[in-house]
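Chain nomenclature is as follows: A, B, C and D, assigned in order of appearance, with residue numbering initiated at 1 for each chain independently.
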Amino acid sequence: MDYFIELFCSGLSRGAIYALIALGYTMVYGIIGLINFAHGEIYMIGAFTSFIVATVLSILGFPLLAIVALSGVAAAVWASAYGYTIEKIAYKPLRHAPRLSPLISAIGMSIFLQNYVLLAQTSDFLPFPELIPDFEFMEPIAHIVGSSDIVIFITTAVVMAVLTYVIKFTRIGKAMRATAQDRTMAMLVGINVNNIISATFIIGSALAAIGGLLIASHIGQINFYIGFLAGIKAFTAAVLGGIGSIPGAVLGSFILGLTESFATGYVSSDYEDVFAFSLLVLILLFKPSGLLGKAETQKV
Amino acid sequence: MFSLKTLRTGVLISLWFVFLTFPLMVIKVDPLERIIQWRWKNALLVGIGTFLIYLVVQYLNYRKEHQPPAKVEDTKDQVSFIHKFIADPIQRKLLFGGLLVIAAIFPFVVSTYQTNIMITALMYVVLGLGLNIVVGMAGLLDLGFVAFYAVGAYSYALLNHHFGLGFWEVLPIGGGLAAIAGILLGFPVLRLRGDYLAIVTLGFGEIIRLVLENWSEFSKGPSGISNISRPGFLGMELSLEGSILYMYYIMIAFMIFTIFVVNRLQDSRLGRAWIALREDEIACQAMGIDKQKTKLAAFSLGAFWAGLMGVIFAAKTTFINPASFTFLESAIILSIVVLGGMGSIVGVIIGALVLILLPEYLRALSEYRMLAFGAILVAMMIFRPQGMIATVRRTYRFQKK
Amino acid sequence: MLNLENVQAGYGNILALKNVSLNIQEGEIITLIGANGAGKSTTLMTISGVVTCRSGKILFQDKEIQKKSSDDIVKMGICQVPEGRHIFPQLTVKENLDMGAFLRNDKAEIKKDMDYVFSLFPILAERRNQDGGTLSGGEQQMLAMSRALMARPQLLLLDEPSMGLAPLVIKQIFEIIKQINKENNTTIFLVEQNANQALHIADRGYVIENGEITLTGPAKDLLSNQEVQKAYLGI
Amino acid sequence: MKKKLFLAAAAMCLAISVPVAGSAADTIKFGVAGAHSGDLASYGLPTVNAAKIVIEKVNANGGINGKMVELLVEDDVCKPEVATNTATKLVSEGVNVVLGHICSGATKAALPIYKNAGVLVMSPSATNPDLTQSGEYPNFARTIAPDDAQAKVDVEFALNTLGYTKIAVVHDKGDYGKGFAEFAKKFLEDSGKAEVVLFEGVTPGAVDYSAIVQKIKQSGAEAVMFGGYHPEASKIIGMMRKKRLKVDFISDDGVKDNTFIKVAGKDSEGAYASGPKDTTKNPLSIQAVEEHKKMFGTDPGAFFENAYSATLAMLNAIDKADSTDLDALKKALQTEKVDTPIGNIYFDEKGDAIGVGFSVYQVKNGEFVEL
């Protein structure tokens, strides 16, 4: 039973990690219908920025709390700036292009950003400063759940609650939903669609950056390539839950995380990804738009 | 040409990029030695570089806008130069004849290295044409095409390793197995549309690779299979140069065969069914097209070509391991199809030659080549989203008597 | 109030509006009639700034608007109910109406306007918490018009409000168009294939063919024009 | 028209091929191949640096037998299919000897091409046993010991010195890591002294390893033997410490890298890793590291010393044989001992370096200490 709980907890923490990245995917997909392959790279850039800022601050002798706050803000600011710029350069000119063109552009952008960070910084793995210290009160259960797991989990929960509130009740959230559902009509009621799309990229990127900071601190290292696998997994999770749906992305992430964890624990970690992808295929077989996705209604 | 306002925007944009790249380009830290390196020169370079790129883009836009206003009336007849050129039967024969001669003597004029990379490029031409059936014609976005390539490659490697079967014997087997894999994948995913299909095919590609990686008893795992025989010529063993030459001609023949088949397919009942399916599934079903069979046919035919190329790939490198069949490979093949121009045969050929030869010739840039590759993909899509050679829709003209 | 001067616009290589000039005075109901694909909807989309105007001028209250973005145009008081309604399917009726008032900040006034449209279309009040996508065609049309009214437009562009609706509903809709025009002094630019109905409520009309205005005049004259009768009224 | 087109094409082809044919053989062409871009670049780039340092020094001293050494650097991204192109390119350019490739897979794919051209290849890092033991690649040598030798050292250490009876073997599913792990498992089982309680691969680059750590704990292993590279090793060991799992960690040469200690920090304390015998006190090694710091301003990366030594060994062989002929070079490699940062080495007939052995290290106070 202990073993089950341990695996369950690692599944949850893995799921929470995926969720932070998957939210950005799902928001961008929801609004412009694009699989933003560069999203994993935004996450990586967020992690790298927080690494640089945190290290500089710690060398300059700032206290831990200030380091965490400042590096988090810096990561979010710069990742958002990258997200905003990427949208303007690589996707905006392609809004009326054939459907696959933005996808290729996104793949190109992803390759470009990886190599940009490789050249601007280093190909080596770098130790990420430990921004989440071990909490004293966690010690009795530290063998099951670590402090960083808890922090990641709480962050994901808070982020999801705030995001749901924003999307449901605020002006910008309503504008986002309207733009996602009918872009032309959104323009006709006076929504500046370009600004809304930019805002979506900015919010999604900021979330990815926060994710980058937490995850890098959790596993203690970064390099320029960490975005790739994390991106693909988060994307899988987003599709699993029904891409375009925010609760769906979170649900999909937890299901994916738990599946991987239990597959590792009870079968073999050799095939953890095989399990993850098979689960995806299986779920889509029965629910072709994902768990919480809205079925595409077809007009005949 | 450049107004003051353009210049001011240019300065602002370059300042934005200086800000954007600031942490990554300027600061470099060593967390253990606790050293901070400030590379201010990079900020300057980014600023100037962005400004120059901005001016170039503005200049290009300016030229585009100030061209004599496009003859709007007859733009429908505006077809790319290549298509116009091919349309004339004599010119077409001349062109194809010329290309064939160039292809035939190519290996004698250039070094073995050039021939070798040309073989790779030709393989990607065929792969691109195969994927074009699935993506371009039938409109099914497949992000795991490389799985079928892997099936072909491992068929040859394993059959050769265990049973000593030769290249020509395995070629049809490899293609067949890949086609079967295509059908197996096709069945469950027929109901899915668009991006859901894309992610499932991506997953399928990863599953195949992971199984090959982990099931060591079957596939020798990550260490791969080495010493795969090169194709023999009438039972003779060839030297390395000879065999590269031989491979080259096999690939030329293959490419011609593929072009021929794909071309015929396009005009066949099946080809039209695919195109119709791509445009409107429901209308298609209403017209009595069997959606299932048509989609499966697209998957299996595309996979068949990937399987054949897989066999050739294994024979060419003589060593394969699962690392050659990653998602990036699928992405590159897809890029070939889209970059060249979806559904266009000429486009796919040019796309493959550009995308495969480009990184090879960019070797001079060494570590910057993947950076350049990514940038070129983005730039190509921005400036020519329909691909280098857009498909020409068949047009029928109403003749007034 | 609104002047189009030699407007050209189109999609890609196709020029849908070759040369369109027309003008609308304040308080009028103007109708634009024409066959399928003549360029009616493109005219409206160009006014709204969704389709770019390639040459010519569009003047609204003597200000050039052809270069402005669509949200700025809405801000100036031009609102459109596009063809096919374009309800936000996953927003509730109330949220759809809120979207109509997207650019406004005066909460009390918005509330008043909402009550006003509910009085125009009582059925919407009943369904206020239902998703827009679940409404019937007629209800969607009502919702679309109400949504446009929520912006308090000076000029309301209506694109085929009668399309696909039952005759009784059509009648009701046209009544309300007249009512809106009278009660709020809202200028209305009505695009219709149902030329008969449209010309009956309009003050003046334009006929568009192949992207060019071919005929114009008071609605009554057009109704009695033989060409119009033959081509659009089925007489 | 046709003729013109053809002539133009022919001229173009010639233009491409001319520089290749045109370069005369008055320099020694020293090829360096490996991953210089992509996710494995950190294993390939130090080799390029090593070659640059040595060759600059040699050329400054007047070259070898009056000939200057020319460096040809080519990227293979560690992919077999690219490696064949890389190899063909180097051969076309008339390369005399090649330092590389980095990954065993790419090396295997490239070797037949070099073999055909009679080019000597020496890898600083390709450890797959087949490369030398199969006898299929007579033109291959390496300055690193093969996986099986390494696994043997680790297993013996775990059994005899540490006396463990329950060991979990974990790998990174990669060519190198899984190869090592399979040998380790085989030796452990053959010894009859210990039980392999777990044999599994982890996914490199995964965001979290807590599930596998829980599984290790569940298996009751006293030690984890890990085959793979340092990024995964530091993640696993970090996660083990986070989950308060106190079992020993034994690993391979891919982990015996200072980056491991840097990245894993205090978690790495007490971990064991096998690596080439300690040469850090070797003056040549100290000198090599100093040279790297001077030229590039940073500490050298993975396989730097092996690459440095391989460069020295090959250049020495060319010098002694006064030729770049494969047979002469092989003979020189087998007979002429050479002083390198990894010791005074020569090569056996199969191409493995003699004098390169493994010892086990432990991290003590942030440094690898030979045991």
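The definition used in the following text is that contacts are C-beta pairs under 8 Å (C-beta built on N, C-alpha and C of every residue); 3 or more make two chains touch, one makes a residue touch a chain.
Not measured: the values here are computed from a predicted model.
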Worksheet item: Can you name the chain that lies farthest from chain B, using the mean of each chain's Cα atoms as its centre?
Response: C
Response to the item:
Check: interface with higher C-beta contact count, B-D vs A-B, is A-B
Discussion item. Taking the mean of the CA coordinates per chain, how far is chain B from chain C in Å?
Written reply: 47
Worksheet item: Using CA atom averages as chain centres, what separation in Å is found between chain B and chain D?
Response: 32
Worksheet item: Between chain A and chain B, what's the gap in Å when you average each chain's C-alpha atoms?
Response: 29
Practice prompt. Report the inter-chain centroid distance for chain A and chain D in whole angstrom, where each centroid is the mean of the CA atoms.
Written response: 35
Worksheet item: Hey, what residues on chain A touch two or more of the other chains?
Response: 115, 118, 122, 126-127, 270, 273
Response to the item:
Contacts with two or more other chains occur in chain C at residues none
Discussion item. Show the residues in chain D shared as contacts by 2 or more other chains, in ascending order.
Written reply: 37, 41, 173, 201, 262
Item to complete: Using the touch rule from the top, collect the residues of chain A that touch chain B in their complex.
Response: 29, 33, 35, 45, 48-49, 51-53, 55-56, 58-59, 74, 78, 81-82, 85, 89-90, 93-94, 97-98, 100-105, 107-122, 126-127, 129, 232, 235-236, 239, 243, 270-271, 273-274, 277-278, 280-281, 284-285, 288-290, 296, 298, 300
Worksheet item: Which residues, counting only chain C, touch chain A once they are in their complex?
Response: 48-50, 69-71, 74-75, 79-80, 82, 86-91, 95, 98-100, 102-103, 133, 147-148, 151
Worksheet, complete the sentence: Counting only contacts in the complex, chain B reaches chain D at residues 31-32, 94, 97-98, 101-102, 105-106, 109-114, 116-117, 120, 213-214, 216, 221-224, 226-227, 239-241, 244, 313, 316-321, 323-324, 360, 363, 366-367, 369-370
Worksheet item: Given the complex with chain C, which residues does chain A contribute to the contact?
Response: 171, 174-175, 177-178, 181-182, 184-193, 294, 297
Worksheet item: Taking the complex as given, what residues does chain B use to touch chain A?
Response: 16-17, 19-21, 23-25, 27-29, 31-32, 34-36, 42, 135, 141, 188-189, 191-193, 195-196, 198-200, 202-204, 206-207, 210-211, 214, 282, 327, 331, 334-335, 338-339, 342, 367-368, 370-371, 373-378, 380-382, 385-386
